[in-house]
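Shared between the two complexes below is chain A, which has chain B as its partner in the first and chain C in the second.
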Partner chain A sequence: MANIAEQRIRREFKEVVKSDEVAACNIRVELVNDTYTHLRGEIMGPPDTPYEGGRFQLEIKIPETYPFNPPLVKFLTKIWHPNISSVTGAICLDILKDQWAAAMTLRTVLLSLQALLAAAEPDDPQDAVVAQQYKEHYEIFRRTALHWTSTFANGPKKDKDYDDKVTSLINMGFEEHKARVALSTNQWDLTRAAEYCLS
Partner chain B sequence: MQAAMHNMTKVVQDKVSPTHNLPMSINCDGPVNAMDMNKDMSKVVVAGRQVFKIIEVEDDMFVETSNLRVGKPKNINLNYSAADVAWNHNDENMLASAATNGAVVIWNLSKQVKSKQEFVFMEHKRSVNRVVFHNSEAYQLLSGSQDGTMKLHDLRRKQVTLTFMGRSSESVRDIQFCPANLGYFSFAAAYENGIVQIWDMRRPDRCEKHFTAHNEPVFALDWHPEDKHWLATAGRDKMIKVWDINKQPAQLLYVVQTIASVGRIKWRPQRRYHIANCSLLLDHNVNVWDVRRPYIPFACFEQHKDVATCVLWKDPHILLSTGKDYMLHQHIFQSAKRPGDFVIPSGVDISIHGDVCLAYKERTAAVKGKEAGKISMFGRKTSQSRSELFFTQANSSLAVFQQIAEPNTEDEFAAQQMSPTQLASEDVSMTSFLELAKKYRLKGLTTEELCRHNSAAAAAVDKYQVAQTWQIMGNIFCTKTSSTKSTSLQVPRINVTPNAPMDRQDVEKGKAVSSPDNEVEVVRSDNDKEKNGEISTGTDSDSDGESSEFEKNQLADIASGLGHNGDFFFGDGDNETLSYPLGITVQGGEDWTQLPSEAFQPRHEITGPAAPPDRLDHDSLMVAAVESDAVAVMTPIEESEPSEQYLNLNIDCSAFHAGTVLDYTSTAVDIICCFAEQGDIQSAVSMLIVLGDHVRSHIDGESQENWFMSYIDLLSRFRLWTIASEVIALSHLPQVMQLNQSSTSIHTACPHCMRTMERSGWLCDRCKSVVNMCSICHCPVKGLAVWCQGCCHGGHIQHIQDWLVGNILCPEGCGHMCEYT
Partner chain C sequence: MSAETTSQNNNSPSSEDNNTAEEAAGTYECNICLETANDAVVSMCGHLFCWPCLHQWLETRRSRQTCPVCKAGISKDKVIPIYGRGNPNPQDPREKLPPRPPGQRSEPEGTGAFPNFGFGGDGGFQFSFGIGAFPFGIFASTFNFNDGRPAAPAPGSPQEAEEQFLSKVFLWVGIIFIFWLLIA
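And now, the complex of A and B:
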């Protein structure tokens, strides 16, 4: 790893550890191995959003050319969000792509992601299905996101209706995650979800 | 009538042969305070504390005719001691004396008794300083006293008719009636408080004019014999002042500065501007001044051994004086010493533009050469260091003066404005200083190159002496290296020379031409070392060529006297002690021509062992080179006459150079110190810097510091900051070098809170944050920083460069499209 990149990451790591947000348990970062190339981040779901209370794991990979190129970040925790792939966890955020600035740090990146959860950008989606749902059936989107958060990110609030629908679909013999994706994609319509699973 | 006739004769005699009279003197047996002459100037009365005599003035001697101080010792009182004496201008027999007890004594020489004392006025309370008879009124006597009053005595009524008293009642030191034909009733009085008053005899209540002439007591005054408005005054403030009292207030016309308090002054008759004076103390001379030339006496009489007390003009060419040394002298003006002739009357001044104006006295054309010599001496007034011997000629540039064709007849002064081109060669011209300051190179090259460069620079501004010195400096400190070089390169030659076939014809032909040239070369080689150095390298390249070819070239060179230089150069250039075999040195000193065979014999013996080419011993190589050359020439020719001459040259040179191995460092130090003493601080400092370690340790640090400071100060005055800074950096003196650090401070402010950052340039004490961080690596930038003028973001230049390879926007993320040019 280039000297400048490692130096920077060390400093930024310290900065996050010491920051106020860590004290408030909003963000966190930890080393995966001894080198600073691979980090594990965690952000809290921002309040007043479907993601509230959830803890979302992030995989952060520092490229050799850092800080000239942005760090590679993706969600490890499954999340229902227009700008984040519900399948891969890939993030669609300008600052992690062409709007990257060398002045940004791990902390600002994590905070930006937190902000992204609070303010989705459906017109520039990463996940088109979610984005469409977000725009056409926002209430369903909200409940779905809540459901996903409670399921994968230890969210405190549960949606009984949706849980039941997932259970019924599982009872129909489908795999749980497949059932959940099918229901989420089909506005929680059991019939269409079943068809979706079968197709 | 007889007197008038006598006077007439005198005048005629004066005109015909003014120098007929002889200087003469007489001892008066006591200190003389005053004297006066009778009207026809045939007799002199001298008076003092112990003296009261009438002395007849013969043509060739003084004759004492009568002594008025006679009588029984118990009768001789203070009335016989006179502070002043006056001879009546009309009555040949009447005298008046002023006594220190306040008495005014009238003497009548026509009395038949031994004591001539006629009457004593006891009107003054304190001592009387001056008594004067009126010029025309025979019985009017005026006295001035220490008690502040002046009394007019009527000698017929034997009583005081008028008393004049100034308002201040200061002591009266001198009174003089206005010359008869100019102002009948006027007289002037000098007071001890520096005031001079003009009185009219008819108005005793108040004076006509009143002015302060001096700051200290006025001791003497004298009316001008021709111009009734001119009055000269003199006093303790050592000045003689000439006033025009017609003006209101009195106008000061001339001031003559003397070296001591002035006791008496007397205008010279028939010479409008000449005035004689004698001093109260210190100065025993009687000086005659031209009031227009106030600092040097026009003429000076040095006969007195003690203070002169009184002076009198007998005529314009004869001056009488008395002194405390008992002597009465008659001085002939022609024999006077003229101090003005002994000074070199030259004046130099510098205008604000740096132009120099020189005014100097132009004598006759006959002494032109002498004069020029003097001036060049002036230019050469330097300490006689040994180095001076080598370039005395360079100094002559200072002596370039144009001769004035027509000297001023009146005062024989000629003033001349020097032409601008001459000014340029003058040391005081600052343009050359500026030029040199800019052109001198003080670093970046070898010492020799620097010296050569600076020499050229100095020559370009016509400072030939400095240029020469640079060249010498360059040679002194660089021949060491070049000489060792040439010596080592000499090795292949040693191989070749003895073995090569010798063309006898060549040699002989060479000798025929060479002898006289060589003689010249020996002399020149001394001061033309640089040339030698070049030539020696030239022969190096020659030696690369084919050996027999080389031999011919070599011989041809010898013949022309060129290659010859190279031969003895390696002896010449070596500054270390040369260990030549004793035989050679001795031969050089002896008259070898008488013993030719012995002279060569030892050389053959030495050649054998000295020749091995692979020996690296420095000295033996040198010897070998010399020896083998000599042998090469000598062997085939045997003992022919030309070859002997040639050999002689070799030996002579080696002996000569061995004898003149100088401690060059001390010479260089002398030169530098000499420049500093002369005030050419620029040369001194520049040489000090260029020569650096060679001389630095030999000059004490304090002088060095002084020189540097002076030079830096000068440079700063001419706003040559860059050069001054360079000099500071090159000074090697901690006291000087700290100038660059102490006088420059840059304050930085925190960009966030705008507070000045005191502790360091990158940490704000108040914000507790690091400022000016690199946008890329987030480290404070120490060193080269670059930032965008548009958004003020930036950082390490390398990081920004790398960033901009892949991005066009600001690395700080501000969205600005940064532009760097």
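And now, the complex of A and C:
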């Protein structure tokens, strides 16, 4: 890796570890290998959102041209959000693309992602299905996001109704994640979700 | 964040002595590499960078050049180099690559605008005469790299007398030629 990228990540790593946000358990980074090219981030779901209390893992890859080009970040934890792919975890956020600036750091990126969870941008979606649900059935979106948070991110709040629906599809012989995606995509209508699984 | 911490400390003088060295160094960190800036330049919006770092950023974003900190418009011509005192190995930073843009120094008012205007300060007067055709004249003036005319010889030497003589001959030939053109 280019020298400047590694030196900067070393410094930023220290900065994040010492920051107030880490003390408050809001963000965290850890090393995956010794060369500082690959890191693991974690952000806490922001309060007053369906993601509250969840812990979301992020994969952070540092390009050789860092900090002149943005780090490559995606969600490892599955999440239901208009600007994050529910399949791949890819993120649609301007500062990770053309609005990147060389003075941004791991800390600001993680805080921006936390802000993205609190303020979705459904008109510039990464996941069209989620974005449509957000715009047309906001309450269903909110409960679905809460359900995904409790399932994948150790969120504290359960939605018994949705859990039961997943269980009933599993009992019909469908694989758990497939059942969850089918229900989430079909506004938690059991019949349509079953048809979706079969198609 | 470090800037905020520093300003807070400045407001309360009692805590100023703590970690002053560390914080003073932090105040002059390049916003790109986060090290103490070397070949420092500052943008019009007041943000400090190493020139090599900023140059690379501007090269990366040629089409949309913005300040890496505040995204204000920025360009090579609009950054100011900072020259500190006490550099143990003074070296013109422009000799390094990539070159740092020069400081903008304007002349004070009232000095003579063209001190060497006229026939040169050394008193030597030369008149040369030639006949040229258009395209060759361009070659002569375009490819005249080191201003091929030799310095005027020392006054009083035989060479000088010879050149003065030649110069006068050419002067007369020129005058005769122009006279002939007027009559013809």
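Some observations on this one:
As a working rule, the second predicted complex is superposed on the first by the 199 of 199 C-alpha atoms of A that agree within 3 Å, B and C clash if a C-alpha of one lies under 4 Å from a C-alpha of the other, contacts with A are read in each partner's own complex, and residues count from 1 in each chain.
One rule holds for everything that comes next: a residue touches a chain if its C-beta (ideal position, glycine included) is under 8 Å from a C-beta of that chain, and two chains touch if they have at least 3 such contacts.
Just so it is clear, the model here is predicted, and its values are computed rather than measured.
In the superposed model, A:Gly89 makes contact with neither chain B nor chain C. By the touch criterion stated above, A:Arg11 is placed in contact with chain B and with chain C alike. Shared-chain residue A:Ala103: touches chain B and chain C both. Residue contacts after overlaying the shared chain place A:Pro125 against neither chain B nor chain C. Of the two partner chains placed by superposition, chain B and chain C are both touched by A:Pro67. For the contact definition in use here, the residues of chain A common to its chain B contact set and its chain C contact set are 4, 7-8, 11-12, 67-69, 101-104.
On chain A, the positions that touch chain B within their shared complex are 4, 7-8, 11-12, 67-69, 95, 99-105. The touching residues of chain C, when paired with chain A in their complex, are 1, 31-35, 47, 53, 56-57, 60, 64, 66-69, 71.
Every residue of chain A that touches chain C in the complex is listed here, in rising order: 4, 7-8, 11-12, 19, 65, 67-69, 98, 101-104. On the chain B side of its complex with chain A, the touching residues are 775-779, 793, 799, 802-803, 806-807, 809-814.
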